[in-house]
Amino acid sequence: METIKVGIVGLGRLGKVHGENLAYNIPNCELYAACSPVEEELKFAKEKLGVTNVYTEYSEMVEDKDIQAIFIVSPSGLHCEQIRIAMEHGKHVFSEKPIGLDITEIERTVAVIYSYPKQVFMLGFMRRYDESYQYAKTMLEEGAIGELTVIRSYGIDPKEGLESFVKFAGASNSGGLFADMSIHDIDLIRWFSNQEVKRVWAIGKNTAYPELDALGELETGAAMLQLTDKTIGILVAGRNCYHGYHVETELIGTKGMLRIAQIPEKNLVTIMNEQGIVRPCSQNFPERFKQAFINEEKEFIRCILAGEQPEVNANDGLQSTKVAIACQKSFEENEIMDILY
Amino acid sequence: METIKVGIVGLGRLGKVHGENLAYNIPNCELYAACSPVEEELKFAKEKLGVTNVYTEYSEMVEDKDIQAIFIVSPSGLHCEQIRIAMEHGKHVFSEKPIGLDITEIERTVAVIYSYPKQVFMLGFMRRYDESYQYAKTMLEEGAIGELTVIRSYGIDPKEGLESFVKFAGASNSGGLFADMSIHDIDLIRWFSNQEVKRVWAIGKNTAYPELDALGELETGAAMLQLTDKTIGILVAGRNCYHGYHVETELIGTKGMLRIAQIPEKNLVTIMNEQGIVRPCSQNFPERFKQAFINEEKEFIRCILAGEQPEVNANDGLQSTKVAIACQKSFEENEIMDILY
Amino acid sequence: METIKVGIVGLGRLGKVHGENLAYNIPNCELYAACSPVEEELKFAKEKLGVTNVYTEYSEMVEDKDIQAIFIVSPSGLHCEQIRIAMEHGKHVFSEKPIGLDITEIERTVAVIYSYPKQVFMLGFMRRYDESYQYAKTMLEEGAIGELTVIRSYGIDPKEGLESFVKFAGASNSGGLFADMSIHDIDLIRWFSNQEVKRVWAIGKNTAYPELDALGELETGAAMLQLTDKTIGILVAGRNCYHGYHVETELIGTKGMLRIAQIPEKNLVTIMNEQGIVRPCSQNFPERFKQAFINEEKEFIRCILAGEQPEVNANDGLQSTKVAIACQKSFEENEIMDILY
Amino acid sequence: METIKVGIVGLGRLGKVHGENLAYNIPNCELYAACSPVEEELKFAKEKLGVTNVYTEYSEMVEDKDIQAIFIVSPSGLHCEQIRIAMEHGKHVFSEKPIGLDITEIERTVAVIYSYPKQVFMLGFMRRYDESYQYAKTMLEEGAIGELTVIRSYGIDPKEGLESFVKFAGASNSGGLFADMSIHDIDLIRWFSNQEVKRVWAIGKNTAYPELDALGELETGAAMLQLTDKTIGILVAGRNCYHGYHVETELIGTKGMLRIAQIPEKNLVTIMNEQGIVRPCSQNFPERFKQAFINEEKEFIRCILAGEQPEVNANDGLQSTKVAIACQKSFEENEIMDILY
């Protein structure tokens, strides 16, 4: 079978995860090129990933005719432009979430993507490729819990992130807690319900680091979502989790409930000590979603080889960002926001 | 030690629970009189509880000088008046929740209660007397999870209730899902946070029984609450639980999370069969809160004997009802409601 | 209904648990007399339990004609004699486990008990009266896990006990780990299986306190039991549990498995902190079996009033002690022991 | 980096698992040849695994000079001979457990293996390469539970296996339940304790299929093991699990307890339905140990490339088989067996 030559842009924390998988764990895939303005990242690509073609300029990498697919793991603000350029150069494109930060620009990008229907475009909503989420989706579709009435989804990052976030406050624009953290949860709500979000109200509280108020940032936030068919969505997002990386999703249906990662168990070990009965937890996204990243990368390569489009498409990127932006605005104004279609 | 003579009014499902405890499980307490318009209930009082003084008229029972305390377990619409009459007759009063259905009437009743400071008044928020809730409160106060940012509380009744609710639709006025089910959760949010609720938005969905729409009733509802200090409250209420009686409360703090009855385990048994690993669940409130009812009844008698007022007071009844009514109105208008103080 | 007047002998740790229940939590029961050679214990009886008739001599207490039932919570070595004397004085008798320490004496005592068939005799195997154990027994009898093939039962005391045990080593004769700790588990195995134990092999290990070797005592021991119908019994007993009081029983059947207290959860609270996901544990037997003690005491009084014999009888005491002694001997000789009937 | 050419012998159920991994999931590994007397298996190798060099005779495959490593997944009775032949032909060898069925032959094979110290030999105790088992080993070595006193390990196959086992009874010689199922548990006990087994007693019971008695086979068996330093080992093995594939290991130490797969959770999903709270379970060994198989295969290839010997060696095969055979003999004679060194 053919081997797909991939060029990656961005080799930060998540970029390294993707890079290592593409280099070593994905059959029929060759990590052929890497692009980054950061010298250390290119050194990593050469020494750890065995990549020989390294670029500091994205515009140069996309000119390489041997590259068939571009993997975008750059800062969120660059996604839209890099997607458009890659599509226009005839590449298949995988972009990390979010597809972009500005609705108008996203809409323009989505139009470009759809104008190249033969090129694969995939967005990095890896949770859909996690074994537990897929099991839940199958059970839902098989009717195990009846019809959906409520979806609750938590995305809470470990406290270490918040500590450095506060330290370097202002240095980066996160897009706000809901765009940064809840976008995965919003995608899950759309995916499980097959509905769009109509109305949202978002609130938040800063307690551990009140200085976040001045930055318009949040330690912990929550949003309630009303979907088109009245299904209820509940989001909790945070950056201050003491037990690790808490991503949990609950589906309440007319005939049962279902929870994915009710507790984010690290493995199958239980320890009994002076604390009581202890289950260790996943500590971060690369640990929790290790296999999901591999699965989505395999799916991207499979789609290219099979001439198919993956399930997660450009419109998913547009709609989830719309909702995240509405949550952020709702929080800022402390009022309900309607989302128009 | 003295034995307190108690008269109970109302011997329906919950009344029978209280009646049996007062008759047999509470030291220093004598179930001396019972009042009900329902013949079967008075028969039960005589034959099962050994009560000799039975009344069909509440106004007659309160005239009995030997009765020191009145236990009100009548329909919610009667609570306010029965409380006032009992207070005016010099009785100590225990009233089931809610304290009433109409804010103006409740305010008047609260004023009456406070004008008799030597008589004990207690409201039936029994969850505060549940061992697990008390353990959680202690841990919170000891700083185990830092300062509160989010409280999520679920109250979902078993589906059997909904089936008969739909069958006899219109026969009774439940006051709506939030007054009927969430009032306990609202009390818990106030109790854990020591804050009042400022703003609410409530939504809901009927799926299993769409005919509930016509009645203005809900299968499943949810509300998001903003408290005075910005703590976030999340309520889910329902009447259609397949696994039993799902009452769960979560506290998210700046240094940890805590859940009470994450899964409503019936006992300490785990079964492993073709279904997988199964934990049986509590099936209804008398089962789940069996000991909590006994604890609150003991506390009521203890307060009378000690000349103290219990922790759960008339104002708790007023404020929780205010919030429940605001949730109901918010749901009806699909808008945020502010609660004024 | 009649109230049964009870005299208790022994008010140590477990005696106090029984004493308080008999005084305050058991309907139709009056704690009328108390006997102990320890002044502090009689003071406790008078001041905390309101007992007016106190004795330092057991032989005097049993002469009191008003006492209808004797509750024996004295040191194990005294049980047999005190049971016989009480029976001969026409009293109903509740004895804590074990029924005795010497098989010949137990057999003589059992004969005495059976010669007074109108007097109630009950042995304190309270686990049979624990809600979770009863639920498990019902499920087993209903066929939920098919026919039994293996029963595993753990009884591991909190480490605090071992620390003081080592400190006061030699001061008391525990009868050995199996008689002291496993006797409840042996009773459960007989109760669940309706079989007798035929062959045992017991081994043990001292690690935390090697000085126990010199005393013939054990930190941790285990025994494998072959029952009459070949059902397999597995015992683990210990005195050095760091997470609390670990009593766990597993039933493996031809159609499923069942565990009672797979983890000895203290209540329904789960805490998530830097340790991970933590379930607090029961810390000691009065906490874990609080309600079971009340249930067995109620059953004792009920049997007296109803003129019935309880399920746990004198023979259960004899057989369980036989097995415990065989385990101890097997451990000492490191050989299989056969138990003859 | 060099790619290792591997030839596999045996493509039954487990052979297919190894074959697919070697073909697709192990970097620096090429599945180059396959050998089987079964036509369907060679067809599978060609069509599904893309293997071009297929053999019906093992003696021919080992002559192929291009093959650097042999992967033995043939019936247990062939392991010893095939290992010796492969070693003598200069191949690196991975053999599935058990290393053999007869102690004398195993001893001879181990001698052969040790006479080729430059060739890698690895035995398929894949549990040691499971993430949860490795986490437990690390915790134990870091002192999290103090020093070991008890190791309990369960290996219970799903009932489907027993049904077909009974159907085709006599067709294959399993070596008995302990050699077939417990050998992994015996290896774990040796691995965790760093001790050898000195004395065993094994018993068993047939209930669901009493006809197994005639075959000398067991539905469920248990063994108690005394290790050199008196650590206690407890084995339960079975072929009749209704909830799936139950492999569980418990370590009891002087400062805590630890369980691996206390319940064999399939994934992170919890379902709440009329059964109660349900965790789905792993259904079979390929599912439960999917990643462990990949990890051990990676380790085998890594050792070849690095010129190292893996942790699991020929002696582990010899000692674990000695213990399994002693358990089987103990069961047959219903007496304690001593294991001599």
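Each chain gets a letter, A, B, C and D, in the order it is written, and its residues are counted from 1.
As a working rule, contacts are C-beta pairs under 8 Å (C-beta built on N, C-alpha and C of every residue); 3 or more make two chains touch, one makes a residue touch a chain.
Owing to the predicted nature of the structure, the values given are computational and were not obtained by experimental measurement.
Considering every other chain in turn, the ones in contact with both chain C and chain D prove to be A, B. In this structure, the chain pairs B-C and B-D differ in their number of contacting C-beta pairs, and the larger number is found at B-C. With centres taken as mean Cα positions, chain D sits 56 Å from chain B.
Centre-to-centre separation between chain B and chain C, using Cα means, comes to 39 Å. Among all residues of chain A, those that touch two or more other chains are 242-243, 246, 255-257, 262-266, 270, 272-274, 280. Residues of chain D that touch chain A in their complex: 24-25, 27, 131-132, 135-136, 139, 144-145, 255-262, 264-274, 280.
Within the complex formed with chain D, the residues of chain B that make contact are 242-244, 246, 263-266, 270, 272-281. Residue ranges on chain A touching chain B, taken from their complex, read 146-150, 152, 199, 201, 203-208, 219-224, 226, 229-232, 234, 236, 238, 240-243, 246, 252, 254-257, 262-263, 334-336.
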